[in-house]
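Quick notes on the structure that follows.
Going in written order, the chains are labelled A, B, C and D, and every chain counts its residues from 1.
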Amino acid sequence: MVQNAPTLPQTPEQPSIWRIALRNRSVFWGGLMLVIIALVALTGGLFTADPMDINPMSRLKPPGEHGLFGTDQLGRDVFSRVINGARISLTVGTAVAVISIAIGLFLGLVAGYFRYMDALIMRVMDGLMSIPAILLAIALISLSGATLLTVVAAIVIPEIPRVVRLVRSVVLTVREEPYVEAAIAAGTKTWLIMGRHVLPNTIAPLIVQATYVCGSAMLTEAILGFLGAGIPPEIPSWGNIMSEGRTFFQLTPWIIFFPGAALAVTVLAVNIVGDGLRDSLDPRIARTMR
Amino acid sequence: MTPILDIENLSVSLPKGADRPFAIQDITFSVNAGEIVCVVGESGSGKSVTSFTVMGLHDKRALTPVAGEIRLEGKNILGASAAEIRRLRGEKMAMIFQEPMTALNPVAPVGQQIGEMLEIHTNFGAAKRKAKVLQAMRDVHLPDPEKMYHSFPHQLSGGQRQRIVIAMSLVLEPVLLIADEPTTALDVTTQAQILALIKELQTRRGMGVLFITHDFGVVADIADRVVVMQNGQIVEQGPVAQVLGNPTHPYTKMLINAVPSMTPPSRAPVAGPVALSAANLNKQYGSLGLLGGGRVVNAANDVNFQVRRGETLGIVGESGSGKSTVARCVMRLIDPTSGEVLIGDTNIATIAESQLRQHRRDIQIVFQDPYRSLNPRRTVGQSITEGPVNFGVSPAEALERARRLMSIVGLAPEALDRFPHQFSGGQRQRICIARALAMEPMVLIADEAVSALDVSVQAQVLDLLEDVKEKFDLAMLFITHDLRVAAQICDRIMVMQKGIVVESGPTAQVFANPQHPYTRALLSAAPGHSTFDSKGGASAGQAAPL
Amino acid sequence: MLFYIFKRILMTIPVMVIVALFVFLMLRLSPGDPAAVIAGDYATAEDVQRIREQLGLSEPIVVQFTRWLGQLAQGDLGTSIFSNKPVSQLIAQRIEPTMFLALTTIIFSVLVAVPLGTIAAYRAGSWIDRVVMLFSVGGFSVPVFVLGYVLIYVLSLKLRWLPVQGYKSPFTEGIGPFFAHITLPTLTLSVIFIALIARMTRASVIEVLEEDYVRTARAKGQSELKVLMRHALRNAAVPIITVIGIGIALLIGGVVVTESVYNIPGLGRLVLDAVLARDYPIIQGLILFFSFIYIVLNLLIDLSYSLLDPRIRY
Amino acid sequence: MFSQVGKITRRALLAAGFAMPLVATAMATTASAESVLRVVPHADLKNLDPIWTTAYISRNHGYMIYDTLFAMDENFTPQPQMVDTWSTSEDGLVWTFVLRDGLKFHDGAPVTGEDVVASLKRWGARDGMGQQLFGVIESLEATDAKTVVMTLQKPYGLVLESIGKISSNVPFIMPKRIAETDPFEQITEYIGSGPFVFQADQWVPGSTVVYTKFEDYVPRSEPVSAAAGGKVAKVDKVIWQYFPDATTAMNALMAGEVDFYESPAPDLAPILSSNPDITVEVNDPLGSIGFARFNHVLPPFDNADIRRAAIMAMKQEDYLAAGIGDPQFWKTCYSVFPCGTPLQNDVGSDLMATGDAEAAKAALQAAGYDGTPVVIMQPTDIAVLSAFSLVTAEKLRDAGFNVKLEAMDWSTLTSRRALRDPVGEGGWNMFHTWWIGADVIDPMAIAFSGNPDKGWFGWANDPALEEARAAFATASSLEEKKTIAAKVQERLWAIGASGQLGQFFTPVAYRNNVKGLIKSPVQFFWNMSVE
């Protein structure tokens, strides 16, 4: 019987997804920006003035002695509102991303793996996807009252079909892979196959999709706020700060400029992380690492 | 007279972080007019890098020629300007590639793609161009060039597409033709026709051909001179008779010996109990089509066979012959349309998934592509123990069994907690075999299990399969398109064509005097048939020294 | 081919019904009721109830839905509660600005984004690639209305090049005023659309450039430009067209904001006003209308695949 | 460049689509010679029936195309408009009105008594003052083509004030066939006898409304004075173009793309006035009065002392600065009736003038406030009211109230305020709004009603207040009306009916080539010309 010397593999241990990702420059810098913004959002509230405190006498004051970003039409300090507003936007962004990924993942797995469910789920998804996201969100929010929950729900619904389509396409390719067939041949139960073999392969593309969903959710929240259908002004969010400053744009552009810039920077950071993740976790590139 | 192509100690460096500094290192050889030079070597030997560097098609960001010269008709083209190189491509030198299915632009008619060559290099009028193209198509013996001129690549067969690529590259009658494994992806009968075509065109036009391959059979059939490469260096070169007749370098010897001989050893018939049998097994694909327009494809048609324990039944045939379909029907990865599949005495052809599950352990499979048959995100140990744990074996005991099997298949048991990407192709196939054996099956199916491996690695895996078959008294169903491999490992053999079993019987008898014309065509089309096998198989039965 | 179109149209019907059901229920299950809004400040509870009856809002939901579906079948999208005009007429009156804005935006965006994406792909990893991708990520991140205001402030008020607002129809007021008024809104709306298409073009061209037939083309001595245009772009056309189809849904969202910033009397504003005033018939009618347009456009895009790629046959 | 002329004529004809003689004149004078007044209205004209809805924009639309029997002049005394002569019997029960000559509807039909009767009846079914007037009417009929006789059951002091009222719902005169539409259904034809004609087919709801001059309108000879006097249309066409975005509207005015901006945000006034060719001025002398309305039915504001404590916490300056901003556009006014109107007085006004959190806190404890939460409805889509709600929330919190702000849009607010259910099931405790001066000029205003069923939302309940209001209806001399008004105000402050947040004036802005703006609480477009 041929007994050749057992050869120990020499290539290094495959680093976990996170280490691969962090090596990518844009993921690192984008991630750093996000961490800073998140820190400011969480702790900012303690250092700044009370964002709700109204002093009509010092209204519409330019940035300077009345606060770093000046005051709005009710005399509230725009700087503290932008800092506290960050919390809302980040919460909406992450909540929408998490929920839409969770629901989308489940529906996508079912639609991709079980043929008979496929047509039904995908037709409903087509229906949802054909309704323009902003219209659906506006209609949902202004008709059922604008609370954080309804805003998140309204933005999640149009995002779900996109996630379902992504997961379904991944599942359709993975289930043809020989190692899935080998698992079937080894008598592994269906849900175990989905958990062990199909699900892990959807993680990388889902993470990338999650960042894009988060970015677009923050933008949608701002647009909803701007159109007057977003989060109620009692809770400052970048969207409603800008919406309230809309009429005074020519007189006091900073009320729109500062939250707009904060929003743009945050969404930019999220999208840069998304691009970085896409390149570092891209299966094609991952394959070349083999 | 000056050689058409003269390469003098050419070196091309790899980017840092690669497993060796140079893709190819001081390569020197030449190609004269009217001569076919075969460059042979295993994957990663640098044979393709050489051909791509000559054409200037290498990946400029990764590979950089650092030394040496490439003289085309005496003129060094290594440092030539991009425009100059572009002019030469097509006029003076041309190249054809391995994958005919993807070598042509899918959205443009083939006639136009050949015509493009003329558009670039000549100022012929449209009519003249079309005439030239049709002539080129006739030169490569394509049926009905007028009609094919307007058809798209996806409407042609692999062989036809390769002929179009050849016609395209030779339309301007270049002096040098570089062919990078042009027939590897083709069926053996088509491969024989293309090799004959290249030989005919080469002699008629007296051009030099640089032919890259890993298959010594092809070298034997077509080469005038041979250059053997290993890890980016030339280990041996010379006239084909001398290199194949008495190779000097041990690596060349090893490669030649590793080529399984076409003459099967005589094997005693196996008497063990029947483990697996199929009775008039059928599988039809195809849509019924609402308006009756549906096409019905008979993937497998009335297939009958038996495999006894300790016996290897080979199923041979070209791609599309239905051999894989039979294997997948037997494994119930796809449901047969009709017929019976008996494992031991239970018919598993049509039973529901729930009862089928406990029978699944009796029959296991090893797939072709080592890179996709192991889940990249799970360790080797987890993949092997998954099966037994499904059937109630305790994780600890399953791990113990896995460790035992790893040493049986020749791998270090400690490697269980590593990930698939850390192993070579050959090592992964061994892991797949271990995974199959972990289920203690009665039947093992090898579906093209060695076709993706290099010849040397192929030999080791075949030996391993032979060993485990004896050790565990398995019934083995071996599916392959490579007659040489079938000759060496199968006790009995079944030849399939378009879903129908055209001939079956003991391997030696089928190889000695094939009854069915298709079997005869297959045997004669096998490359290197005359050179290797007339001497009674240089390597019959010998253990390949390592 | 015709059979496929017939099948696809047949398939849109269940999708439209799903959309209709979803929109109808969403409106009816939410608080806020138009009758009270119409009754105005002094109305007593009975006035509000009487108006609700008159508008048929007090009947059970199922009755209302079947009646609405019935009307829908004959192409009647219902009448606006406030302006008493049929929704279809309102749509007809305001479709022109939105249609032209969408058209100019799509054309402008494709003309800018496809070359940008191709160059970025061809020089992947170079500084051009980074700049294009940074612009595209930026395009995704800037809120549409901030961009709108800045453009108005600079181009209209300070430089006086372009008018501030409004829409001039090319038919009645001529081409000159039309383009003058449509330029800024198109610019504002195109930024996000260019970002989307540029990214997708880059991704699919990079993938195509690695294909064997591109290598064959180069082996023929073909010039890089022709390789890009005749071989790479032609094969990348299908994924690019697909993203344009999906992007249209994004476009409609942007139109709503752009129309309100540039005061264009289009459909975007119509639905926004309707939602804020709870004018159910308009909301339902318009969302259905937009869904129908989206589905038809995507059907056309799917059919265009067979023109672009001979392998795709229906 | 394909030829423009061909296209325009065909298209213009199609668009115009009416056979009025006007077409001929329009064709003769090329488009540019036609004088057009481009207006940015304060709201989007959603509904065209000024009786069916009380929205001010519908009222303004009514004044464009309809005419009225009587009309209020600058000093708020009703003057005859369509009426030529009128007489009352000695016992004050029989009123006879005779129409002046030459009154014609836009479709050419003459205005008859029948039209007047039908119009007054439809108005009477929906308008508050109308309902009170028709409560005392015995009979109303047209004796001949030009005469209408109204017989009362008992003398009533406000006949002319009612049929000549200036603000919603205004008793516009419509053709009989239209006026007979059920008051709770919208009219579908828009034919009036006013100075302008409504171009139905050019109306794009949410965007543009077009009125053209009514050539056959015969204006009175008297000079213009608020709604009274000769209503002469001095432009060929008036276009209302609604702008959802205030900034864009302002830019359009500054760029000369529109001529008249009805109600720019007060804060933008400085930018507008800094532009040399734009005039910014206050056109409505009475302005508007801010109201913080309590829900008298639900705790804690079912207790008058708690209401008074809440009012003591309110400081008018803070509301006006937050809501309006620029001090030149507001002033404090502690009389319930608008300052500068005949019935203005300061009886009991010290309550509103306190504006002191400590005093309010003490009064609240004294009133035994047990901490039940106060739900304030905040309409986020109306900036002024949203600001008022935030200020009230802060003031009440300073005074010790437990306040909960609920944000919604105006549509939701109007439907919720009609509910009397407890807070848990969608009820409310406070909301904010404003009334234009003309609507609260006398005790008859619904805002001051003490009748819990028929009264304004909040349903104040005070029989003494109702008695005083009824007395006002029958009072005849100004002196008598003044004493009754003071009595009404005293009661209003006593029961703390609502917090009144001061008087503010929204300016108008127009380019200097616009002349003839009429000073009045309601925006009129006759008498205005564009050079």
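Definition applied: a contact is a pair of C-beta atoms (placed from the backbone, for glycine too) under 8 Å apart; a residue touches a chain by one contact, two chains touch by 3 or more.
On a predicted model such as this, the values are computed, not experimentally measured, just so you know.
Participant: Find the most central chain, measuring centrality by the gap between its CA centroid and the centroid of all protein CA atoms shown.
Facilitator: C
Participant: More C-beta pairs touching across which pair, A-B or C-D?
Facilitator: C-D
Participant: Hey, how far is the Cα centre of chain A from the one of chain B, in Å?
Facilitator: Computed value for the inter-centroid distance: 46 Å.
Participant: What is the distance, in whole Å, between the centres of chain C and chain D, each centre taken as the mean of its C-alpha atoms?
Facilitator: Measuring from centre to centre gives 39 Å for this pair.
Participant: If you average the CA atoms of chain A and of chain C, how far apart do the two points sit, in angstrom?
Facilitator: Chain A and chain C have C-alpha centres separated by 22 Å.
Participant: If you average the CA atoms of chain B and of chain C, how many Å lie between those two points?
Facilitator: Measuring from centre to centre gives 50 Å for this pair.
Participant: Considering chain D alone, which of its residues make contact with at least two other chains?
Facilitator: Only 245, 247, 251, 381, 408-409, 412 qualify.
Participant: Please output the residue numbers of chain C that touch at least 2 other chains, ranges allowed.
Facilitator: If we look for residues of chain C contacting two or more partner chains, we find 31-32, 149, 260, 272, 276, 278.
Participant: Write out the stretch or stretches of chain C touching chain A in their complex.
Facilitator: Within the complex, chain C touches chain A at residues 11, 14-16, 18-19, 22-23, 26-27, 29-32, 133, 137-138, 140-146, 149, 153, 249-250, 252-254, 256-257, 260, 271-272, 275-276, 278, 283, 286-287, 290-291, 294-295, 298.
Participant: Flag every residue of chain D that touches chain A in the complex, lowest number first.
Facilitator: Interface residues on chain D, with respect to chain A: 245-247, 250-251, 265, 267-268, 270-271, 317-318, 321-322, 325, 378, 380-381, 383, 386-387, 390-391, 394, 405, 407-409, 412.
Participant: Residue numbers of chain B touching chain C in their complex, please.
Facilitator: Checking each residue of chain B against chain C gives 55, 57, 61, 85-91, 94-95, 97, 99, 102-108, 116-117, 120-121, 152, 154, 165, 168-169, 290-291.
Participant: Which residues, counting only chain A, touch chain B once they are in their complex?
Facilitator: Contact set of chain A toward chain B: 1-4, 6-9, 11-14, 177-179, 181-189, 196-197, 200-201, 289-290.
Participant: Which residues, counting only chain A, touch chain C once they are in their complex?
Facilitator: Counting only chain A, the residues touching chain C are 123-124, 126-136, 138-140, 142-145, 158, 215-216, 219-220, 222-223, 226-229, 242, 246, 249-250, 253, 256-257, 260, 263-265, 267-268, 271-272, 275.
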